[in-house]
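Reading through the structure tokens given below for one structure.
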Amino acid sequence: MLYRRLGKSGLQLSALSFGAWVTFGKQVGRTQARELLALAHDRGVNFFDNAEIYNHGVAEQVMGDVLADLRFPRDSYCVSSKVFFGAVDKPLPTQRGLSRKHVMEACTQALQRLRVDYLDLYFCHRADPDTPIEETVAAMDTLIRQGKVLYWGTSEWPVEAIHEAHRIARENHLYAPVMEQPEYNLLHRERVEVEYAPLYEAYGMGTTIWSPLASGLLSGKYNDGVPADSRLTQPGYEWLRESALSKERIGKVRALQPVADELGTSLAQLAIAWCLLNPHVSTVMLGASRLEQLEHNLGALDVLPKLDEAMCQRIAQAVA
Amino acid sequence: MLYRRLGKSGLQLSALSFGAWVTFGKQVGRTQARELLALAHDRGVNFFDNAEIYNHGVAEQVMGDVLADLRFPRDSYCVSSKVFFGAVDKPLPTQRGLSRKHVMEACTQALQRLRVDYLDLYFCHRADPDTPIEETVAAMDTLIRQGKVLYWGTSEWPVEAIHEAHRIARENHLYAPVMEQPEYNLLHRERVEVEYAPLYEAYGMGTTIWSPLASGLLSGKYNDGVPADSRLTQPGYEWLRESALSKERIGKVRALQPVADELGTSLAQLAIAWCLLNPHVSTVMLGASRLEQLEHNLGALDVLPKLDEAMCQRIAQAVA
Amino acid sequence: MLYRRLGKSGLQLSALSFGAWVTFGKQVGRTQARELLALAHDRGVNFFDNAEIYNHGVAEQVMGDVLADLRFPRDSYCVSSKVFFGAVDKPLPTQRGLSRKHVMEACTQALQRLRVDYLDLYFCHRADPDTPIEETVAAMDTLIRQGKVLYWGTSEWPVEAIHEAHRIARENHLYAPVMEQPEYNLLHRERVEVEYAPLYEAYGMGTTIWSPLASGLLSGKYNDGVPADSRLTQPGYEWLRESALSKERIGKVRALQPVADELGTSLAQLAIAWCLLNPHVSTVMLGASRLEQLEHNLGALDVLPKLDEAMCQRIAQAVA
Amino acid sequence: MLYRRLGKSGLQLSALSFGAWVTFGKQVGRTQARELLALAHDRGVNFFDNAEIYNHGVAEQVMGDVLADLRFPRDSYCVSSKVFFGAVDKPLPTQRGLSRKHVMEACTQALQRLRVDYLDLYFCHRADPDTPIEETVAAMDTLIRQGKVLYWGTSEWPVEAIHEAHRIARENHLYAPVMEQPEYNLLHRERVEVEYAPLYEAYGMGTTIWSPLASGLLSGKYNDGVPADSRLTQPGYEWLRESALSKERIGKVRALQPVADELGTSLAQLAIAWCLLNPHVSTVMLGASRLEQLEHNLGALDVLPKLDEAMCQRIAQAVA
């Protein structure tokens, strides 16, 4: 496994990590989850991502049970949660957002579901226009001082809000956000490459990026329509199916195929490896639900050395 | 239910909330309290107010037992206590006021009586001229960092003392008061509308107002004298009876009746709804002791949309 | 009982308080200690003073057992300890002084012996030239934030060291000392009245004064030699006997007798009441070992109103 | 025993202390360790040094078991650990270094192995170029405020990194490092005497020096080759054997023999005593594995008074 520092921080994450997202507790039951985590940990993956909203807390429960069962040494991996959307189906106003009340309560609940004493990473899953940033920064600071969280970060926050969080932290001697969790892939580059550019230099923030395959589109599996066993066919994913499968996007994916062929790799491995070319990507989160899929995607690390400058230009042209 | 942010904070309280005040443990026993809290919670009320002095701790014990019995999710409601007057009948000098000793001990005791791990809101029930404000602010700050309190505030403090608390908090990186709990109703407007006006702008403070019906006077039930089952006939309430029932005040209440009639509502609902017209009122605390009364008062939310500008002027004239 | 604020702090101590000093665990066993504390508490005494060095921890053990047995409400009294001399007979270098190690460990041990969760007051029993003041202030600050101490202070520190402690506290946002525990009586006035004068104004510090009777001398009981049952006849008190019983000092005490006679009181009550004339004395600690003695000394409060200006001048002349 | 303050701090360490280093759990089993610690404590040694890396945690386990068995009063000794190299054989990236994650987890693990509630001293075993110093200082600060560590320090850090740690601590009101643990002996003087010179004056740092005998070389036992029972013959110590036993170094040791003879002492005692001549050495750590050896080395204290200026010059010439 390749390891990278989470920005300028001292935490070294595996370049490829594992996200439970919507799969744990839905397509992926405890038995399968156990095999996926065991394989990932065995290959050196040391970051397991989660969130209160993922299957309304069930993804965290499944991961917690599996982690307890597998008995990995606690210092051999990092586990995260994210607060914002709430863990219940129709959250009350006190059960969501970034108020001190919800940040504290959501952390307590995540620790219980994940069956750990502290979260290595804790994310604000979105910016909350209805809570002043100082309230959230102060709540995160309290959790870190209490030992319940080691590093806190943001996910998909507007860059101005992140600047503001750092300003507040600096002026009040509070812990500042260390990482962002944005979407990043060949079809979605703007935020990570342009909007967030000042954050890497100014604060040394790292990123734990999600959707390296653009919801699977970059694996090429939708090039000929949506297969029956795809996540996109599940009820509740209509929005994803629609936005993901535009003709323009599928055209770009098809244009990548010759590059993958030439490298002797798959579209998926190519797309994942490409993310790692960006030095500001600390880790690429894989969301596999099947063992072979995880195994295959972890192989992206072998593609990385083949991506020289010429190859990168060809990739850029394909998705331009 | 309608929800409002507690000032600029991220905590969203139900626009109508429930105060135990003197009723719990006196007119209202555990059985009735259980029904009241269950109804309130069912209707979306998420703030249950209490204080160490309310029936000398018994109001908190009753509420704590009922909350434990009802098993509402802890993140679905907020509970408060207030420190100043002491929980025993004739408090010793160490058993009252806002010294570090009493603030810390009163919190520990309130947590035990209310059977919770933390207070969502903790109020200084009055300003204490015999304790420097910095001592009280520092004690509240310690409780918040220890996780025993989420937000602290004041109740009926002179505005200068609140300014002073904010100055101390800012200069020493301590948690500042987030809310005030003042009396506010059609017959008592000065403090909330004039004295406290600078606080909303400068610090974004919210208010959790008490006595929206002016001790019941605005329900009109004393328009023809004090009924036998009224709280005002209970021993110990002579002071309230006297101040509440002046001829001038009852005259104003009678002048409101035609407005209520025209709106097809009751005086009580009108008076409660009127409080919510003030955007600086975060929540109106209802103090019902009977189910029908609570149910009726919660109906004030339906009156709110009917209070247009013309109607507000007529109301203002009636109580001028 | 009369109560006074501990300096400008919000803590109100009884004007007369009770010190275990060397008596608890030596002349005074658990049975007698129980009666003394019960009487004191019954009369409104709310401060019980102790120290690790008093009979090498035994005074704290006796007081702790008696407090546990008497079941006074925890908020009805204050208990103190003092750190510096160590609790064992020949302390090792790590077992005494004001290093972070000893301050923290001594506190833990005092809490165990006194059987309480926190000390209301915690004193640095002397200044420690071998520890930088910032280390001690920081350790006290940690204890207060952890909830193990409510207020910290000094005892018999040179005034410059107290100034330094306040400077350090202010610059680093640490808790500053709130009180001093100096010797003060008719024969020992300099430190409290002159040296410490700037502290009351600048920081609002209070004092918990010891030896109001100058080791018993001011009770007049040594006017005709040392009685057989006196503490001064006990082995180990030779130094006290010598310094206490100079001819000059005994002459002053004798000169006070006519004043006491005229007031119809005893020398002891006169001397204790005199201490309370100083507004910077927060509480006068009584060190009685017998019930009648404690009862008698508590009577000093009745003498206080009789000490008008003329009487004070006569007292001053007697001890000049 | 002679005691010295750890720099300007209030902690007084015995001038000679005991280091477990590689011996505990390897040459030295629990029975022998028990005898060594008992002898050391009996002679006034109050500092037992350890580290997570020493025999991969086993040295701490052995010391913890022995300390629990011997029941020394907790305030009669200091125990340390060091974080950096990790406690497992081939540490993962999260299991070593000075990230917040590893600093916190390593402390928790050391407390468990050593069976104590807090570490008196906690060292960063090396500087970590892959972690920003502010992250490490903040983590140490958290541990001190949580009561899990009393004093933190560095070991073999470049002087610039120590300056940086102090700057960060001062600007953010965090606890600063109090001590360094460098190698220091007659053959290795530069760092302690020159590089670190500014640290003693500027910050009052102390040093707990290791290898006073230069891995045994200064005992003279390698003057005629490596004996069979020497630590240097054990597998894994080839590097040490090579660097330690250069002809130049052995020549210097031989040149010291006449000085030792004249003083009527051994080379070992002379070399140990010489270290204590440096006032910035707070304690010299002895690493004995046999009782007689420890006993002999503790005798260095008797040599100290004999080292007058003339003698020191002769020593300096011998190793020049």
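Per-chain numbering from 1; labels A, B, C and D assigned in written order.
The working rule: a contact is a pair of C-beta atoms (placed from the backbone, for glycine too) under 8 Å apart; a residue touches a chain by one contact, two chains touch by 3 or more.
Heads up on the chains, UniProt names are A, B, C, D = Potassium channel beta subunit family protein.
Values in this document were obtained by computation on a predicted structure and should not be read as measured data.
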item	value
Chain labels contacting chain B and also chain C	none
Chain of greatest Cα-centre distance to chain B	D
Proportion of interface numbers common to chain A and chain B (over half same, under half different)	different
Distance from the mean Cα position of chain C to that of chain A, given in whole angstrom	62
Between chain D and chain C, distance of the C-alpha-averaged centres to the nearest whole Å	44
Shared interface positions of chain D, touching two or more other chains	145, 173
Touch list for chain C against partner chain B, complex	3, 5, 8-12, 44, 46, 73-78, 118, 120, 144-145, 147, 150-151, 173, 175, 204
Interface residues, chain A side, partner chain B - complex	88, 92-95, 97-102, 104-106, 109, 128, 130-132, 135-136, 138, 142, 145-146, 172-173
